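I have a structure I would like to understand better, so I am pasting it below and will then ask my questions one at a time.
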Amino acid sequence: MGSVSILLLMFCGFAFAALAIGLGNKLSLKRYNPEKGEAYECGMETQGTTWVQFHVGYYLFALVFLLFDVEIAFLYPWAVVFKEIGMVAFIEIVFFVLVLFLGLLYAHKKKALSWM
Amino acid sequence: MNSIYQYFRAIWYGFSSLWKGMMLTGHYLVHPKKILTEQYPENRDTLYIPDRFQGEVVLPHDENNEHLCTGCTICEMNCPNGSIKIITQQVVTPEGKKKKELDKWVYHLGLCTFCGQCIDACPQDAIKMSNAFEHSVYDRKVLTKVLNQPGSKLKSAKK
Amino acid sequence: MTKEELKSYLEKTFPGMTQEENIDFPVLWVEKDQIFEVAKKLKEDEATKFDFLFDETAIDWQTHFEMVYHMTSTTYRHDLEIKVKLEDRDHAELPSVEPLWKAAEMYENEIWDLFGIRFSGHPHLRRIFMSNEWKGYPLRKDYQDDDVISL
Amino acid sequence: METKDIKRDEFVINVGPQHPSTHGVLRLELWLDGEDIIDSKPHLGYIHRGIEKMSEALGYKQFIYLTSRMDYLSAHMNNQACSLAIEKGLQVEAPPRAQVIRVLMAELSRLASHQLWWGALGLDLGAVSPFFYAFREREMILEIFEETCGSRLTMNYITPGGVVNDLHPDFVKKVKKLIEQLKGNLHEYDQLLTGNAILQARTRGVGKLTAEDAISLGCTGPVARASGVKCDVRKLHPYDGYDKVDFEEVLNDKGDNFARYWLRIAEMEQSIRIIEQLIDNIPEGSYREKLKGVVKLPAGEYYQRVETARGELGVYIVSDGKKEPYRVRFRTPNFSNLNALRPMLKGAKIGDMVSMMATLDLIIPDIDR
Amino acid sequence: MQLSISLLEITRAIDSWLNSIFHPHVAFGIELVLAGVAVILLVVAMAVLMVYAERKLAGFMQMRLGPMRVGKYGSMQAIADVMKLLLKECLVPTNSDKMMFKLAPFVVTVVSFMTIVPIAFARGIQLWDINIGVFYITAVSSLSVIGILMAGWSSNNKYSLLGAMRSGAQIVSYELSGGLALIVVVMMSGTLSISGIVQAQADGWWVIKGHIPVIIAFVTFIITSTAELNRAPFDLAEAESELTAGYHTEYSGMQFAMFFLSEYTNMFVLSMVAATVFLGGWMPFHIAGLEGFNHFMDYIPGIVWFFGKTFFILFLIVWFRWTFPRLRIDQLLKLEWKYLLPVSIINVLFAAFIALMGWYL
């Protein structure tokens, strides 16, 4: 069907969600109550703000991920043509992956991979 | 070397222990006979309720509409929650004596915690616990019951 | 130590303090200002080593309060009950034993909450069961609550 | 800390009163840094019913039924503690048959309680199935209770002077069947959770409680025993003939979550052992020493300790000779065990909080009373 | 000779019939509408079926019966759930970022729908046979984390935020070894297109042909897809005993249903990918050399093979969920960075070596 299908499914997803949520809004019984608008925190009022500067631990993984994901993106084209090129491709990729692996070991040694 | 051994041992232990757990749930998945679910309202007829199950306090009446309660209010005193109220009345016996007699045996089921102290304390063994357990009602006033039937009398002492 | 040994030992160590015995434990009566020193001595003394405060409570005798400490030793397994009399019902206060036994923190919070006895030296005395705005101390004998709905 | 003290970037979160892992209505205030817990503060009293105050208005026989509602999973043991305290005051002793029945019931409810704990632990850690496996045998125990005592949870079966009813004729048969089935099924507990690599990772080395801390914080029961503190009241101050049965006080010195987990499983085996010893040797005779209608304790104080499923329950009765107790104090095990939560939580993760709460096995009504 | 009518012929017949009646552009438009409706129906049907199947399976695993009340053996339970959710009010918290809050369910739904594009359901039944199909799926499926982060952040709820953060760290990490696991098969097939990979398995599935390295890759892929789906034992983002409901704590009604649906859709898509890449997609079970056997297997239509394999993997994921306790966040990341990622990297080299030497079957 070609590239239109991506657009088609994007539209399908959007239309489906819009239809369902719209239908839900239409059918549901609405009774306004200010307590319904409060954030759920086990029945207590929220203390302080929620939108704070967040712990660095989560982002660290995102950074390491970024590095590795780029490398893996390089691996895909290699994987496709690997069998045609043969031994040379294999030796090259061994070096490439070795560098990747050393990077992982380095990150491990720097304790970037243990939760802080 | 040892750390590498430990590394693979950890992987092996992880997989084998997780597999063991999956085998157990898998075992029950393929043994539907071991299912324990009781489908309650449908199985009402076959439901097993032990004889001693404390459902609610009842005042048994015999076929002559006679009960054993003398109206001594010991159960009322022994009830920790005040869920029993005995209302007595003065009657004149045929012999001309004045006598206290039970008028209404009021039982608040909503306050009862089924501790069984009243049954334990009753000197006449007039009341007992029944096995009824489906107590839900739409109006809480229904939960206040008068246990003695209208027109019932104290069972006359054995001759 | 057996009960008798403990009694004679206490007599030696704390002369002038009244001793009693009830059905379960030997009882030592302590003045309220001395409670912390006595407790510290009992806890740290090699011969007694009362390192486990298993209960702390109060009794309202209408005219006065009585603080009751139950302690035991995990090494010697002897028990002791210490009692303190608090005359002033309106401003009852005595030293906290929280620095000795951390368990006392919650017990003393509870006593403050339900009896209104203050503990000086307690890190953060707060009402743990009742709300902060609650009036009165429920376990006192003269406590009255007009809002109670009788069923 | 009050609300106004919160600094910027400090993340305060309320866990409870309406939270799936607090098993009731405990409220924990957590100060977080990302996933790590900096400090915590428990808030109690959401189901404070004033059982101590209520007891002052009720007779000696009557207030016992309130204690079933404290630690509802060890209702028998709570009743037993009160009954023993009153018996101590009245200078009576339950007949031998009643004592054996009491021990049997107490151990059965310990089994039931630990099974519920095991299931709830699985639920807290995210495994739903253990809950149902645990409830299979627990249901059998509750059925046994129901047949003999008339109720399933708050039994009010043990009373001063003995027990309320004699054993149901089927009791021995059913208990034997239960023991047989339980022995066959205990390995499922190990298969599903104990050996599980994820559970081991979640519990080992987490929530450490040293023996000194456990003593100082007043912990008792499995929590303290897992830290190596000998505190089993059944051994130290035997009551109701516990000195005549042969069982071990299970101890572990690791003090972490897994130690507490392992200890409860081991305790279940000990309970089975006690039941096995007694089930064939229930003495004949009366099951109840008949007391007067209105019990009056001589003036004085009576303290009785009992080992419930969660630790040491102390009942402290002060009597002034009237028909109501002057003051009743319950030293409940969970109240002291809760103390251990705060030091444990420091530096732990949110996920650890759940496993700690689960292995401490807190019953909130018992804390609040 | 093909006894059964293949789906491909039906679609071709529809196509030529439409073209014979309408102008080609109109016919194409109608086909688009038909395809869209088919995809929506498929997603909804699978979700409804899976919800019911999961509850039943969970019930049986726990010695219960599962839903029994609505319809025969509770078969209408999922539909009743949908009806209930339809009638629920969609609440928006007062202090939330309302725009983002309302947008988040759309994002997750659109993303989960988009991943269906290159899936081959049967011979020729594929929306678009992209030449980089595997790559496309790995790229698009990781977009769902954006929706989750939007939902968690905009709710202005601490549980939601924590759940979203966890989910972000988790999905992002597990992307890596998932990608590496797919590379093993890509390498052996020499193509990135889904149909090419399926075609490469005509004489045997990769799990069988590729033996050790592909089996390792398969196991890794199952683990990572479970993690990417936020399902137990990796359901930290919505760990109910810790964060009540995680990033969708504040959502209700149909908005919540959209998260639920997209989670299930992602689940099918990843199971379908696993079934396609490792288990041969719609390819029947073939053993090289046994012609009679292969011929017999051909009689079973491809779509049955495909969905059979998909349901097998779905069953595995459900089985995990109802057996295991949950990991903690640091253990979860440790599992990825210290176990799965090194193992997958070494496995890629190992597989490359085996492919080079031609040691696979």
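Chains here go by letter, A, B, C, D and E, matching the order in which they are written, and residues are numbered from 1 within each.
Keep in mind that, in the parts below, a residue touches a chain if its C-beta (ideal position, glycine included) is under 8 Å from a C-beta of that chain, and two chains touch if they have at least 3 such contacts.
Quantities reported herein were computed from a predicted structural model and do not represent experimental measurements.
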item: Other chains in touch with both chain A and chain E; value: D
item: Touching both chain A and chain C (chains); value: D
item: Longest centre-to-centre distance from chain E, chain (CA-based); value: C
item: Chain nearest the global centroid, as defined over all protein CA atoms shown; value: D
item: Where chain A and chain D are represented by their mean Cα positions, the distance between them in whole Å; value: 45
item: Length of the line joining the C-alpha centres of chain B and chain E, rounded to whole Å; value: 51
item: Averaged-CA centre spacing for the pair chain D and chain B, given as whole angstrom; value: 24
item: Of all residues in chain D, the ones touching two or more other chains; value: 11, 13, 19, 34-35, 129, 132, 136, 192-193, 196, 198, 349
item: Contacts with two or more other chains, residues of chain A listed in rising order; value: 41-42, 54-55, 57-58, 115
item: Chain C: positions in contact with at least two other chains; value: none
item: Chain E contact footprint on chain A (complex, rising order); value: 1-6, 8-18, 20-21, 23-25, 27-31, 34, 36-42, 46, 50-51, 54-55, 57-58, 61-62, 64-65, 68-69, 72, 75-76, 79-84, 86-87, 90, 93-94, 97, 100-101, 104, 107-108, 113-115
item: Chain D residues within the chain A interface of the complex; value: 3, 6, 8-19, 27, 29, 33-36, 349
item: Residues of chain E that touch chain A when the two form their complex; value: 31-32, 35-36, 39-40, 43, 85-96, 105-106, 109-114, 116-117, 127-128, 132, 135, 153, 155-159, 161, 165-166, 168-169, 172-173, 175-176, 179-180, 183, 186-187, 190-192, 244, 249-250, 253-255, 257-258, 329-330, 333-334, 337-338, 341-342, 345-346, 348-349, 352-353, 355-356
item: Chain C - residues contacting chain D, complex; value: 22-25, 51-55, 57, 59-60, 68, 70, 74, 77, 81, 101-103, 105-107, 110, 114, 128-131, 138-139, 143
item: Chain D contact footprint on chain A (complex, rising order); value: 41-44, 47-49, 52-58, 115-116
